[in-house]
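Structures for review follow.
You will see chain A twice below: alongside chain B first, and alongside chain C after that.
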Partner chain A sequence: MNIWIKKITENKIFCLLLTLNILLVVFFLFAPQFAPNSPIEIHADHALLDSSGQYPLGTDQLGRCFLSRLLYGGKSSLLMTIGIVVFISLAGTTVGIMAALAGGAAEQIFMRFLDVVLAIPSMVLVLVMVSIFGNGIVTTTIAIMSVSWITYARISHSLVLEFRESNFIKQAHMGGVRSVRILFKYVLPNVFPHIIVVATQDFGDKLLLLSSLSLLGLGAQPPTPEWGYMLSEGKQFMQRAPWLLFYPGFLIFIHVIMFNLLGDRLQDILDPKET
Partner chain B sequence: MNDNILLETRELRQIYGKGRDRLEALKGVSVKVHSGESIGIIGLSGCGKSTLLRILAGLETPASGTVQFRGQTLDFDSRKSLRDYHRKVQMVFQNPMSTFSPYMTIQTYLLESLRSFGGLEGDGREQAVALLKHVELDETFLDRLPHQLSGGQLQRVVIARALALNPEVILLDEPTSALDILTQRAILELLSQIAKERNMSLIFVGHNSSVVRLLSHRVYVMETGRIVEELFSETMLQDAKEPYTRQFFPENLKKVVYNY
Partner chain C sequence: MKKLLLCALSLLAAVLMIAGCGGGDKKTEKPAPAKTEKSAAKHMNIALFWLDKSLEPAEGWNAWSLARAGASECLTTIDENMKLTPVLADKWEQVDPVTWKIHIRKGVKFSNGKEMTPEDVKKTIERAVGKDKRAAANANLDSIKVDGENIIYKTKAPYGALMYNLSEPLFTIIDTSKPAEEIAKTPVTTAPYMVTSFKSGEVIELKANPNYWGGKPGLDSITVKLIKDDNTRAMALQSGEIDIAQKLDKAGADLFKGKSEFNTLEVPSLRLEFAFLNLKHPFLANANVRKAMAMAVDRDAMAKLFNGEPCGTVFPKAAGIGFDKLNKQTFNLEEAKKLLAQEGFKDTNGDGVIEKDGKPFELNLQIFKKTAIPEALQAQLAKAGIKINIRQMDDTQKNLEEGKFDMSLNSYITAVTGDGQRILEQNFSTKGADNYGKYSNPEYDAVIVRLAGEFDAAKRVELETEAQKILLQDNPDLFLVSGKTIIVTKNSVKNLKKYPLDYYLISKDTTM
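Then we have the complex of A and B:
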């Protein structure tokens, strides 16, 4: 374990990115505390105001404080995205590893089923599910979760297949190493670094997917503030109040970029051949 | 010497695939290894020598035939039987790097078998140092990851791990073929010395007769799944009758290289 701590501390750029990412997430999780106004209180006479002392980033079309909405929206966007990524990476990896270790006909049938599901674009599947079960933030989150874990199952399955027949597993069997230890000491350490990297980069993808669904009006419902939904609302007032598009778009962009950069650096660190 | 048979195979057959793809890799192979005796198995690639070694390692179940260790037939379907067998029979694979999990330190790797068989004392560091000493490596290697070692150093660590259980037989699947000529020599000398010191049997698979002869008392020559000749190492150059066998002799190997 010391080797990894040493590698992490020696990689200054990774440490910087990790700190910035943690600060970003923590800031937005506690951001509602700093909101100067209510994010949902409507003031029809204050609609589309420019920035001022009372409304630091102006107001939206219903006269709601835009900064407050951004701060509240960040919390729900980030919490949902983190929840989705954590769930799909854990569930998908567990299923993928179990399928690969089970082997035989069950593995074949299960993996072909996943192939069929993967052949359909996930956005289409999510749209179908949302249209069946209804709009809303919870339905959208569940719909994304139920189609996205498959990618992780495929990745972890193929990783386990790669070394299921490898000499280091054979040697572990010859050394009398029990199956549980093989799973935790040989299989998981070789699967998790790849999954962590994919999950970090997937964070940006899922934030975008969630925002796109909200943009289509399928995710967060009024008056809940959520970055994607705020973009969707703002697009009608693009020329009169460009900040309604700029700020949520910029925050989504920053988070996607930051998590992708973190994923890239993590890949270097978790590669045991990189010293 | 006949009473002292350590490991014996009887009429081992192995078949891969079905129908058109059916391949009979072993066609009734019987070999004997006496206690403290080392044997070599030579043959061209695809002759079945690695299959034979995998069966001897208990990693593959033969289609028919038996493997006996000290007169006890190995039950390939019984975990207990295989576990008892692996206390006494260990293997060194061809490519050392492939036998390491890239994320496992050398210390953890060395102590895996001791941990499984209940022979670990404390954190095992002293045992790991002692094992490394046998293969002429020092304590500084213990906290490293596999990619931080050279091919020769890795193969020494693999040998050290194989020695951890104090086995009676070590199976060697062309253990030096991935190494340069000087490292090959050093590893072979080390193996020969360890085998003598511990009265341990080596079963060495390769296709260079001079390398195989260096480590073995007797040599089996394999061709397309069969043993075609059995020779004593010391006299094999004179005794070999089969032209197939003679092609593995050093002067003929040179010819092959020059003609190529």
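Then we have the complex of A and C:
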């Protein structure tokens, strides 16, 4: 652990990226505080206005302050993404480790089943689930969660398999250490760094997936502002009011890029081949 | 990882591209076919917002596409001033309350050169009635007999709306001797333009009818294509791909404002935007609750967002059916709140949604097209403490028919043939085919019976006004706003008439 902390603090670019990412997320989590107007209040006389003192980024087709909607939308987009990534990484890892430790026929059957599910593109699965259970922010989030944890289960499972056969685990077993202790003391610390890397890189992916679903009208429902949904609302006005597409698109882009860069750096640092 | 980065980059590129589109004149690679042919022959390209898979006039709304393309003629038509005008029937008289003697115009030929006879009229109407529910309701047909140059039309009951209803393009007079597959692709009519080919759901090619009885049509040929998306339709016009874009939204129309190459026609539409209320819902069964909801809607604000006119009753102002004499649904939020409180609704848990008997006042609103209205309605009703969940569906009709809805936002041409009986009867009378909300009031039904038996135009309007009065007391629907039909054309297009009924567009005189 200490080696990693040292490596992290030595990597300036990583520190910079990490700071920027944290700032970005923290800013949007508290952004509603800075919103100049209500994000859902409709003003019939102010539809599709250019930016002005009252509306710094103009208004949308219903005369709602676009900046306020972006700020509120950021909070819902990011909170949902964070929730999804945290849940699927924890749940997936737990299931993967348990499957690996259980061993035997049960493990084989379970993992082959996961392979089958993985073979179907997750977007398609989510679309099917949403169309069965109805659209909305909650069902979409659950649908994404229920198909995305599998990746983590696969990764953690194969990592544990590697350790299971390694000498230090065998020695611990021979030394009479209890399984639970082996799990927490030896297995988890070796699995988690990998999972963190994957989760960081996955953040952008899930943000995009969530936004795409909202863009299709399956995610966030009106009047809740959400970046993907704002894109879908704005596309009708792309010539008349291009800002309706530009700002939410740009924000999604920035977040995806930042988290991917961070994940890349993290991978470089934690890559065991270099230690 | 790389893939993701690429993904994100392409997203940015797409956003920048889209942003770059703003304002500039777009050029597409495909040259407009019009330009090459223009000098030799007058060819017009039109984009419609809707076109179905078939051109069978007697099914669904296919004939509306024919009418828009100038390829439909009925016995009568409704002109740009909403007046009933003779076309293939040149005069008619009423023999008794259920019998009409309609004289069929002489010397009219189908586009294939065959003479159009009273026999063709009889066959066309009988065929339509047999094929389509809406046609059957509009025709109210008991029997038709050919009597020399006339047809003797008997209705099942006294039916004052008949001659208006026969103007509905469903009753486009066609050469019925053709096989059904041919009628569905290239129906033969007497209209100024004839269909030469049809690519299902995409393009109709038309050419001037050489045998047209009303003189030479203004154009040689027309291409009608479907461009569903408002924005794409506007871009097609900017690029020169089309000459006429029917029904642009306000944001689309704004792009052409002040540009001399284009003309914008704005016609008050006869389409009413309204919400069906399901009276089977325990809260909505209460007339006072419905009244409060009707008062919670600010139609002026909604009309501004929708680029329309506030309406508040069944028939928009342009229909001229009692609009100015009625005490319409109007905005009064304080009264609405008071009325709801009086009915026992109260927000006890402070979440902004009122409850009664522990049940929150929460309704699903089904919509099939995203406009400014659903969200405006949602925001306005929220102020009265009513929570609306917007549910966009591909098929709202099925839910309506099965009664599986709380509220349903729809857009109907209410005075569809220039007369109000059809909508008043089908949507609100107890046995009406389209009475999805299950509204029932014997007093109202009695007025409709009287209306059906009334043949004097002025008295019909009076009765239709009376019927609306009852509806405005009971508020079975939320009557919202009426829109504007915006048509943008290149300025080379001439003589395009401003029809309030949006199923008319190209006429004989339209030229370029």
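Remarks
Definition applied: the second predicted complex is superposed on the first by the 269 of 275 C-alpha atoms of A that agree within 3 Å, B and C clash if a C-alpha of one lies under 4 Å from a C-alpha of the other, contacts with A are read in each partner's own complex, and residues count from 1 in each chain.
Here is the rule we use: a contact is a pair of C-beta atoms (placed from the backbone, for glycine too) under 8 Å apart; a residue touches a chain by one contact, two chains touch by 3 or more.
Note that this is a predicted model, so its numbers are computed, not measured.
Because the two structures share chain A, they can be overlaid on it, and in that overlay chain B and chain C fit beside each other without clashing.
Of the two partner chains, chain B is the only one touched by A:Asn167; chain C is not.
Touch criterion met: A:Val177 reaches chain B, while chain C stays clear of it.
In the superposition on chain A, A:Gln201 contacts chain C only, with no contact to chain B. Panel annotation: after superposition on the shared chain A, the angle at the CA centre of chain A between chain B and chain C (CA centres) reads 150 degrees, nearest 10.
Touch criterion met: A:Leu62 reaches chain C, while chain B stays clear of it.
Counting the residues of chain A touched by each of chain B and chain C gives the higher count for C. In the overlay built on the shared chain, the residue A:Ile257 is in contact with chain C alone; chain B does not reach it. Once the two complexes are laid over each other on the shared chain, residue contacts for A:Pro193 go to chain B alone; chain C is not touched. When the two structures are aligned on the shared chain, A:Arg240 is found in touch with chain C, with no touch to chain B. In this overlay, which is a superposition and not a single complex, chain B and chain C have their closest Cα atoms 25 Å apart. Of all residues in chain C, only 1, 4-5, 7-8, 11-12, 14-16, 18-19, 21-23, 230-231, 234-235, 249, 251-252, 254-255, 298, 300-302, 304-305, 370, 372, 374-376, 378-380, 389-390, 392 touch chain A in the complex they form.
Residues of chain B touching chain A in their complex: 57-59, 83, 86-87, 90-91, 93, 95, 98-105, 108, 112-113, 115-117, 143, 145-148, 161, 165. Those residues of chain A that touch chain B in the shared complex are 2-3, 166-168, 170-178, 181, 185-186, 189-190, 193, 272-273, 275.
Of all the residues in chain A, the ones that touch chain C in their complex are 40-42, 44-45, 47-48, 61-63, 201, 204-205, 208, 217, 221-223, 233, 235-243, 245-246, 249-250, 252-253, 256-257, 260, 263-264.
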